[in-house]
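The structure's right below; bear with me while I get my questions together.
Chain lettering (A, B, C and D) follows the sequence in which the chains are written, and residue indices restart at 1 in each chain.
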Amino acid sequence: MNAPTKAVGQDEAGSGSHPSGDDRFARIDEAMRRHRFEQDALIEVLHAAQEHFGYLRADLLQYIAHGLKLPPSRVHGVATFYHLFTLTPRGKHTCVVCTGTACYVRGVERLLAAIESETGAVPGRTTPDGRITLEVARCVGACGIAPVVVFDGNAEGSQTAESALDRIRKWNDHGEE
Amino acid sequence: MARLRLATVWLGGCSGCHMSFLDLDEFLMDLADRVDVVYSPVVDAKEYPEGVDLVLVEGAVANEDNLAMIRRVRERTRILVSFGDCAVTGNVTALRNPIGGSDGVLRRSFVEQTDRDPQIPFAPGVLPVLLDRVTPVHSVVSVDLYLPGCPPPAPRIRAVLEQLLDGRPARLAGREIKFG
Amino acid sequence: MSVHTLRIDEKDVSARAGQTILEAASENGISIPTLCHLEGLSNVGACRLCLVEVAVVGGGTRLAAACVTAAAEEMVIQTDTDRLREYRKMIVELLFAERNHVCSVCVANNHCELQEMAVSQGVDHVRYDYLEPRCDVDLSHPRFGLDHNRCILCTRCVRACDEVEGAHTWDVSGRGTLSRVVTDLNAPWGASETCTSCGKCVMACPTGALFHQSSTVSEMIHERTRLSFLVDAREKKQWHA
Amino acid sequence: MEKNELVSLVEAERASRRPVQVRVCTASACLASRSREVAGRLRSAAGRAGMVDRVDVREVGCLRLCSAGPLVKVEPEGVLYERVGVEQADSIVGAIGGGRAEARIGDPSGPFFARQLPMVLENSGVVEPERIESYLAAGGYGQLDRVLRELTPEEVVEAITRSGLRGRGGAGYPSGLKWATVAKMPPGRKFVICNADEGDPGAFMDRSVLESDPQRVLEGMAIAGYAVGAEQGYVYLRGEHPLTIHRLRLAIDQARRLGVLGSGIFDSRFNFRIDLRIGAGAYVCGEETALMASIEGRRGTPQPRPPYPAQSGLWGSPTLINNVETLANIPAILREGAERFARIGTASSKGTKVFALAGNVCRSGLVEVPMGTSLRTIVEEIGGGAPEGRSIKAVQTGGPSGGCIPASQLDTPVDYESLKALGSIMGSGGMIVMDDRADMVDVARYFMEFCRDESCGKCIPCRAGTVQLHRMLVRIRDGQATRDELHRLERLCEMVKHASLCGLGQAAPSPVLSTLRFFREEYESRLTGG
């Protein structure tokens, strides 16, 4: 494993380019500094890292462990405990199917099966071509308009297998946009 | 008193449990006085007979022959004893399960791990077809008594047989039920 | 220091304030089954084998984990009822079903707390599906090995490393039945930058999950009492044999 | 900000109101149906019609009838429009002051609304959640101000105790008692936590409250902080709901800027600061010890209790943990008086309860009714029964920790004890209606899968037990199980229920046990020989 890049301490605060050569590390520094490098802020810092890097690479976890002076195994333990953190890259598009009770009662499992068979995607994974990450959510809290699917962050209600597949086909049709 | 009709059966296992059975030494003589061994790898009987009083089943259910056999055994036997860890837990025979179904296992054994002439054996009617998963006996048929151990030590086998021969409901307790 | 008197299994016993039910029972020769508990480490109340029945005012009982429940004045406790025996048996069976515990070929055969627990709880077969997960074996460390097939997630290794050695090389990753003990960022153990190779995790392990590389079937004998020896030496300055 | 400045801010806000208010719902469900675009079009339509001086288009919180969204309400005329499309904006603006719009008109006095008693939701769909001025103009923070001037902390605790308020998060623990326990701990560092980790599938009450009226929850927290002697509060929010996070973050910033949170609130000596903590997707973090572990940046695994958080909670300090709806009740209780509050509801369950009504029901949405209202009133009158002329088979309450109540028991009043007697729980308020097509074994399987996936893995009964229970339920559903297996299922349910470490595991068997109790024939009829 590469040696971790040294975290910028309070004394080195500044907005210039990051010693690592990747300015996104400065965003992690910023999150750590905002929480005064307190170890309790681990989850907040992981949120920030994932927001800027898309997923939690091993070197980021190492960097955060170093910055917060935490044992690496604890950082890994926390990062893998929570569903929202991902240690692998996401696809170009994300499709989150809500499997909450209202959606279940309204037949979301058939919809999910249709998406799986059409795209070959497996919930929690990204398709091998890196296009689509399929996920299931335990409830997105829009039960009044169940079943709900969240396409690239936009929740859509009253979905059917057809309407969901139409949306996904559009991603594929528009090539590399 | 009628002589007890005893059988022993060898499914997917190493025969170590039968070896341990043979380790009963002079008790085998006592046993011969009190039972008829109607079916066993150590006697010459082709067909598992009807009306068996007691059977010791060694080995896990690993292939279709095992499956057909254990069902027949259950139908034709009053008291069925799961004899040894393979029968009780799957044990070594079931070590292949995490690898995946029968295809995966055959591929691993006869293709991936082979230096010369890799091929998957296929001989219908000669080689029994592997089941996708090896299971303990009780997940296929009901079992009356569990006699764990790999193999079960001879005194443990003797304790069970003595209880059963005396017509007592057999029961193992304490250290007599240890796996491994 | 105040002392409580309580009743455990029809026997009047006394306990110092702050003592757990488990400690009070043990001092009075009453043994309660445990797996995640280990003398010298903190208690987490996770394996639930030490559940006991505590009488409640107005009749009936409640279940309490003896390792994390403080002994209190006038408690009336049963440690070995039919109900508890049934639950404990189920818990042990669930553990055998969860990973691939093959006693006959295990390094810890005959020296394993899980195997012994099956004996003491009368587990002669497992009534649940064997889950048969694919588990890795990590032999990257020069002296020790980790076999996830045998791990029961008691976290004794995690606590030994954190609390006694202070390295916190171990932690738990994932969740639910997919949880795994990991070193550092789930790197091979041999590549760990925090591991001091002290072997305390291996001492603490109840099963054959952590072992010395030289050991083969039935050869792995853990030295589980050495942890409490170290802790007492460090904290009480007592070097008991 | 000085108090007189606040007063003039409120006056300015009131003066800025125009005669007609067009309120557009911008809670999650309506936003998903593009209600924000509708609001934009309404604004430009008002401009084109030359009505900017007369008409205000306001983006408000939940208007409650989610299934008919996007919802738009015109006040003071009291006209409710349903399923509003952007193309209808001109017509709706044109109909202001008389006339009929080319849009679907709802019935604000129909049974969906008439049988409700909005108290927690009194500002929902009225105030603008992203503007603190709007909350202040509706009398917001008035109770915090009054409490700081007129009441001692003991008197506040006393009032909450007298009100009979019980925790709205699930178990129904008396709130006053909880507050008193924390208040009585020796002075020193204490915390107030708002548990907004609403993770039950099929529940969106707390989320709606926070998206519709976030300041109300902050005010409740500050009052709680004063009562128990805490100066720091945390809101623990689900990371899955970006809109809720956004609105709450905004609300905290605005409250801090105006000084209604911070040091020396309302010129008193009371300091109270609130920070957000964002969860990262773990249902178990709704359990309070796991929640605190998560706030401390650790894996969200529960700890054995005692010690209870009230004695030793966050970082070992006494900690008051209340759920969103509990805290949202506080300002109303203090304003109306404990006695008036206690007159609503039943003998043991006081006040109102917010439910998220969804599933196979004609009208789904956010419902607030007095405790003791019958399930029938909620699902048949308010919800309009099952759609397509079907019949209701069961009502699920309490999420994965609750149970399925059969149609034959619909006259049960909703209160903590009645639901518990039926093997379910009030829970946080998810209420899912299932029609005659529901397969109750599969419903049990569904919830068990949820618990299996959300088990933290710390204790064996829950970690390994839920896996086995799930497999058994699949086999029973698929007709591959024997009677012996059904027996094993029941025994294992008992063990997991009694031996698990925390509430998640202890309640995981509830959906199985309740469906076995009321729909046993669905299990038995699928058993195979043996």
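In the analysis below, a residue touches a chain if its C-beta (ideal position, glycine included) is under 8 Å from a C-beta of that chain, and two chains touch if they have at least 3 such contacts.
These figures come from a predicted structure and were not determined experimentally.
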| item | value |
| --- | --- |
| Chain whose Cα centroid lies at the greatest distance from that of chain B | D |
| Computed distance of Cα centres, chain B from chain A, in Å | 51 |
| Length of the line joining the C-alpha centres of chain A and chain D, rounded to whole Å | 26 |
| Length of the line joining the C-alpha centres of chain C and chain D, rounded to whole Å | 40 |
| Whole-Å gap between the CA centroids of chain B and chain C | 34 |
| Per-residue multi-chain contacts in chain A, two or more chains | 74, 77, 81 |
| Overlap residues in chain C, where contacts from two or more other chains coincide | 129, 172, 174-175 |
| Chain D residues counted as touching two or more neighbouring chains | 282, 299, 453-454, 456 |
| Full enumeration of touching chain pairs | A-C, A-D, B-C, C-D |
| Chain D contact footprint on chain A (complex, rising order) | 39-44, 46-47, 74, 77-78, 81-85, 99-102, 104-106, 137-146, 148, 153-157 |
| Sites on chain A touched by chain C in the complex | 1, 58, 61-62, 65, 71-77, 80-81 |
| Interfacial residue positions of chain D with respect to chain A in the complex | 28-29, 31-33, 65-67, 69, 198-204, 207, 239-242, 277-283, 294-300, 356, 358-360, 364-366, 396, 399, 430, 432-434, 438, 446, 450, 453-454, 456 |
| Residue numbers on chain B that touch chain C, as the complex places them | 82, 85, 88-92, 94-95, 97-99, 133, 136, 138-139, 143, 146, 148, 150, 172-175, 177-180 |
| Contact set on chain C toward chain B in their complex | 96, 100, 102-106, 109-110, 115, 118-119, 122-126, 129-130, 132-135 |
